[in-house]
Structures are given as C-alpha cells and as structure tokens.
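Beneath this line is the structure, given in structure tokens, with notes to follow.
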Amino acid sequence: MAKETTIPLPVEIPEEGTQGHEHAGHLCMPEDSRKRAARRLAIARGHLESIRRSLEDPHVYCVDVLRQIKAVQGALDGAAGVVLRGHLEAHVATAATRGDEKELVDELMDVFKYL
Amino acid sequence: MAKETTIPLPVEIPEEGTQGHEHAGHLCMPEDSRKRAARRLAIARGHLESIRRSLEDPHVYCVDVLRQIKAVQGALDGAAGVVLRGHLEAHVATAATRGDEKELVDELMDVFKYL
Amino acid sequence: MAKETTIPLPVEIPEEGTQGHEHAGHLCMPEDSRKRAARRLAIARGHLESIRRSLEDPHVYCVDVLRQIKAVQGALDGAAGVVLRGHLEAHVATAATRGDEKELVDELMDVFKYL
Amino acid sequence: MAKETTIPLPVEIPEEGTQGHEHAGHLCMPEDSRKRAARRLAIARGHLESIRRSLEDPHVYCVDVLRQIKAVQGALDGAAGVVLRGHLEAHVATAATRGDEKELVDELMDVFKYL
C-alpha cells in the first residue's frame, strides 16, 4: 500500500515516531492521522453494516436508507479530512524543502477531482 | 410521511411482492432496489474494512488512503442511486395518485441537501 | 430551450398561468420556480462578475478567490434547488397520471449524476 | 494569514513578476493562475446570463435548466481548480520555508469544507 513518490534518493530511515517521515524513499502518513482515520473508518464500517442489515426488512423506507447512506458519507468525509490535513502538514507544506512540489501538487489535484 | 425502519414488529410479509407497496400506511422500498442496494453496501463495507486494515501499516501513504476512501464514497453514491431510483419510480412518480406529493417532495429536497 | 418529453400527444394549450403546464407536448417549468430561479441567477451572475474584477488586482489572495467561487456555487445550488423542487412537484409527482414515469425518472437520475 | 482582496490601494506593481510573491506581508496569487481563472469566470458569467435569459421563456423545461446550471458549476470547479493549483504550488508547498504552515493548512481545510 505504501505509495512511492518519485524521488529515488537513498534516504536513511528517520528516527522512530516522526510525523510524515520517509521510509525507503516513501512519504509515510503521520501516525496521529493514521490512528484517528482508522478509528473513524471502523465506526463508518459499523454504520454501513447496520444499514445493510436494515435492508433485510421488507418494510424499510427508501428515504431512511438514503439518509443513513449520506450519514456514512459524511463520516467518510471526516476521515478523509483527517488524512488530508496530515498530508498537507507533513508533506505538502514541506515539499519545497525536499524538492518534490510538482509531484505532490499534481497528485493532490488528481485526488481533488474526486472530493 | 409515516415511515419505519428497523423496528422488528411481528409483521406479516406482504403477499403480493409488489414494488413500492404500502404496509400499514408506510411506503416500503421496492424489493429489487432493496436487494441491489444491500449487495452494494456489503461490497463497500468490505472495501472500508480493507482500508482500515491498511492503516495498521506505518508506511501507508496518505494519498493512497484518500483515493481508497473516495472509491468507497463512489460505491456509496452508486448504492444511494439505486435507492433513489427505486424511490422515484415507486413512490414519487405515483404521489399524485395517492395525494402525498407535498410530503414526498419536501422529504426528498431535504435529503438532496446532503447529496 | 424547451425540452420535449417523448409524449407526442396532440395536447391542447392549458389555460394561462397553470403550474407545470404542458405546451405543444412539452412539460414547462412552473412560473413561480422560473421567476425565483431567474432572480437567484441574476444575483449569482453579479457576484461572479465582482470576483472576475477582483482578479484584476495583482494582490488578490488565492484563498479569498476560492471562498468567493464557493459562495457562488452555493447560490447556484440554491437556484438548482428551486428548479428541482418545481420539477418534482409539477412533473415528477404527477408522472403516473400522465404515464411518462420512466422518461422523467431516467432523465432525473441522469441529472443527479452531476449534483 | 494576512490577506487582501479588492481594496484599491495605490500599490506599486511588484517589479519581479515572481509567482506567488508577497506584497506588504500578503501572499498574492500567481499571475498566471489569476489570468486563467479570470478568463474562466468571464465565460461562466456569460453562460449564467444565457441561462437567466432562457428563464424568460415560459416554455423552458426544468431539466434543461438544471443541466445548464450544473454545466456552469462544472466551469466554476475548473476555475477553482486553477486557483487551488496556483495556491498549492506557490504558497502551500513553500510554507515550511516561510514558517506559516499552520495558518495555510488551517485556511485550506476550512475552504475544503465547501469543495
């Protein structure tokens, strides 16, 4: 899953626990974002499962299902916001110091198409 | 608009299998939409769980996570589309014949705020 | 601009001022929605023009421009909401009485892709 | 984050023509983004005006209007994308070299709520 940025530098592994550290030439997600996003995704998954189960009831009402799906999408927006903030802080705001601005901005603009 | 969701009443299964049938004064989701939406939600839940697990890897990359979350949101849009189409066909398009246009349209406009 | 639905009936022109009336086989926009949407679009256009002018200033700040563009998009969402509500009330909720449910729902689902 | 918009100060044009230059402590929009965004907004404004005029026709059809509004929103997304890219390249990617990461990221996250 670790995405390689295009900088093929022989980087040394940073001391443990740093935020937005590089590992073998990859930018890695800040630990705090990673844990917070995981918690939010676990909650969204539980919500999704309860919607799926509610669809076993033949008397479920369409609009209730729509509302529930929208609530899960809001939760996923929240999780994506956590990840995005970590990325902006740890990687994008420091890009000029590493020299990978172009790659990071192109990549982010590509992701924003879906936001 | 009377609606009901997960309340486990000892209801009799409606005999006719009609689409968008009423039950005890509620509009119920067409069976076909219900099954198709459930399948899509099950797939989305699996995808969400695999993203959550990927966050256990300290070398996961932010932008990969963002892309995956967006893919799940696309899948949920698809599930919501299935539910919405069923609702429009079975309930909204027939509202004038029942006389509940106002409730259905208000309710739908309220949901659309989140779409 | 008047969109033809697919019903090629020889319809008579309805008495003036009816909401969601048909004209020569077309469904037409309710007058009230039409006027309210027009007012909102006129305001959005003025706002857009003021943003465009602000871009003549070399010291304008990116994030201010982004915020202004987003405000205009919110205004356009509002205008689209007015049009959508009129359409749901005047045309979709009455579709079963005319028999064009399928066309109206397909068309609406197609529009929702962009919402 | 100090920013300035339409205030018509008698400012001297910055000599260098640099992208994302500062002026009196403000970050200013890169010239190229500024001109491209202005062109796109001018086109969107023209489109918006033509939709508004189309609403003078009592036979205009709701769904045509919805589609046209959505097309303008797509054009505004394009304009916002131009501005956002300029901002990311000129200001966000260089934030760590100036020390205003926190302000820039907070501000951007705030804007993304609307995206």
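We call the chains A, B, C and D, going by the order they appear; numbering starts again at 1 in every chain.
Rule of thumb we're sticking to: a contact is a pair of C-beta atoms (placed from the backbone, for glycine too) under 8 Å apart; a residue touches a chain by one contact, two chains touch by 3 or more.
A quick note: this is a predicted structure, and the numbers were derived from the prediction, not measured.
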Contact-richer chain pair [A-D vs A-B]: A-B
Inter-chain centre distance, chain B versus chain D - centres from mean C-alpha coordinates, in Å: 35
Chain centre separation in whole Å, for chain B relative to chain A (CA means): 24
Junction residues of chain B, two or more chains touched: 84, 108, 115
Chain-level touch network, classified as line, ring, star, complete or other: ring
In the complex with chain C, residue positions of chain D that touch it: 1, 3-6, 8-9, 11, 13-14, 23-24, 26-29, 31, 33-35, 37-38, 41-42, 44-45, 48-49, 51-52, 54-67, 69-70, 72-74, 76-77, 79-80, 83-84, 86-87, 90-91, 107-108, 111, 114-115
Chain C residues touching chain B - in the complex, by the definition given at the top: 81, 84-85, 88-89, 92-97, 101-102, 104-105, 108-109, 112, 115
